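Beneath this line is the structure, given in C-alpha cells, with notes to follow.
Chain lettering (A, B, C and D) follows the sequence in which the chains are written, and residue indices restart at 1 in each chain.
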Amino acid sequence: MTVRVQTQDFDAGLEISQLRNARKDIGAVVSFIGQVRDLNEGDAVSQLTLEHYPGMTEKSLEAIVSQAKSRWNIFDALVIHRVGTLQPLDQIVLVAVSSAHRGEAFKACEFIMDYLKTEAPFWKKEVTNFGERWIDAKLNDDDARERWVK
Amino acid sequence: MTVRVQTQDFDAGLEISQLRNARKDIGAVVSFIGQVRDLNEGDAVSQLTLEHYPGMTEKSLEAIVSQAKSRWNIFDALVIHRVGTLQPLDQIVLVAVSSAHRGEAFKACEFIMDYLKTEAPFWKKEVTNFGERWIDAKLNDDDARERWVK
Amino acid sequence: MQMTNMNIKIFYFARLKETLKFSTEDLELADDDFAGTLTILKLKAHLAKRNDTWQQMLMGKLKVRGAINHELVDDNAPIADGDEVAFFPPVTGG
Amino acid sequence: MQMTNMNIKIFYFARLKETLKFSTEDLELADDDFAGTLTILKLKAHLAKRNDTWQQMLMGKLKVRGAINHELVDDNAPIADGDEVAFFPPVTGG
C-alpha cells in the first residue's frame, strides 16, 4: 500500500506496471486517473490550484486504503495525488488496485475515489475568465460515498 | 472507439495516455488490465492459450462498446485483447474509458468487461502440472452480466 | 413438391474443434434433412447423427452456444441458405 | 476553584485561510472561555467573537468542517490541551 502527495507529475503507466508485476497471482488491475478539465460549470478553466493539509492528507488517504483492504479481497492499492498549480490535461490523481479477480478491484478502486472525494483534505481553486474561485463540494459526491455505507 | 485483437503485447501506459490526452474536457479515465495468473482453481499454471473467432470477435467487442456508449455519457472507449500463447504475468486485456466524471467511466468500464467475459468469443486453455485443460465458464460471470440487465 | 438444398458454412471452436477434429466445413443440406425451417437445434441434431462423439459434443451435457453470421443466437434461431454458423462452448476470455 | 488554561494549535485552509488571512495560530484559552469541555462548536463560537468576518466564516452560511489531530470530527467532538485543530470547507480533491 502506497500513498503519495506530491507537486510533480507521475508516470501512470509505470506505476500501474509496477503494481501489476508485483505478484504472479494478480489477475486484475483497475485504475483511475483524474485530470484537469478545461471546462467547469460551463466556464473555461485555465488553471487549477490544489491546496491540502500536510500530515492529515497522508493519514486520511492511508485510512481510506486500509478500509478498502479490509472490505475487499485485494492485494495492493496505490494512491498518488498532486498538489500545487496545474493546467488543463494535467493529471491530478491516480488510484490503482490489484486483485485476483476483477469485481473486487473495481469496487475497491471506486470506493477509494468516492472516499477521497469526500474525506481527504484537498481543496481546488480554479482560474476562469471571471477570475479565481474556490470549487464547491458537490452533493453527488456525498451520494456516491453514501452508497458504500451499509 | 477502438477495438483491437492481436497476438503481440500492448503498452497499457501509452494507450491510457493517448486516450486521456485526446480531449481537454476529459476529467476521468478508468482502465482495467487483465493478466495471466500463475494459479487457477488451486493448480499452478505455466501457460495459457487464447483462441478466438476472427470476425465475430471484433464485431462482438464493437457491439459491447457501442452499448456502453449508448448507456453512459462517456467520451471514448478502448478494448485491446490478446490471443495466442501467453505466460503468467502476461497482459491479456485492456479496457480504458474516458468521461467528464468518474461515475460514468467506472460503470462503462466494468460493463464492458462483464459483457466481454460472457459474450465475446474467446476461449482459454491452460497448461498445468496435470496437462492441458480448457477453462470452464464461471457462473459468477453470468451473474456479473445480469446486474446490468434492467 | 419443390426440393431446395441449402449450403452453409460451419465453424467449431475450442473444446468442440479439438474433440470433433473439425475447425470448419461447408455443408449441403437437403430439404428432408430438416422439416420446414432449419434452426440451430435442428442442425445440432442433424450433425449429432454422424457418430457418438458428435452426439456427445453437440447434444450431450456440454453447454454449446451457437452463432449465425457472427451473432450469438439461441437454439430456435432460423438458419438461411449461405449463412455462417458456429458452435462453441461458453466463452472464457478477458 | 482551580483555573486551567489550554493551549491548542489551529490551522485554517482554503476559503477560510484566504478570508481570515490566517493560516495557523497558537491559541491559549482560559477556563472561562468555554464552560466545561471545549468542543469544536464552542471553539468556533469563541473565535467568531473576533469580528464580523470571523462570525460569518465560522458561524455563518458556509459549511465548515473540523478536524482534531488529523481526524475529521463533528461539532460536538471534545478538544484537549495540546490538540491540533483545523477548520476548512468541505473537501474538493480528486
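The definition used in the following text is that a contact is a pair of C-beta atoms (placed from the backbone, for glycine too) under 8 Å apart; a residue touches a chain by one contact, two chains touch by 3 or more.
These numbers were taken from a predicted model, which means no experiment stands behind them.
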Reaching chain C from chain A through chains that touch each other, fewest steps: 2
Maximum centroid distance from chain B, chain identifier (CA atoms): D
Centroid spacing, where centroids are CA-atom means, of chain B and chain C in whole angstrom: 28
For chain C paired with chain D, centre-to-centre distance based on mean C-alpha positions, whole Å: 75
Inter-chain centre distance, chain A versus chain B - centres from mean C-alpha coordinates, in Å: 23
Per-residue overlap in chain C, given as positions that touch at least 2 other chains: 94
Of all residues in chain A, the ones touching two or more other chains: 34, 102, 113
Contact graph of the chains (line, ring, star, complete, other): line
Chains that touch, pairwise: A-B, A-D, B-C
Contact set on chain B toward chain A in their complex: 11-14, 16-17, 20-21, 24-39, 88-89, 91, 100, 102-103, 105-106, 109-110, 113, 140, 144
Touch list for chain D against partner chain A, complex: 11, 13-15, 17-18, 63, 67, 70-72, 86, 88-94
Touch list for chain B against partner chain C, complex: 34, 50-53, 55-56, 59-60, 81, 92-93, 113, 116-125, 134-137
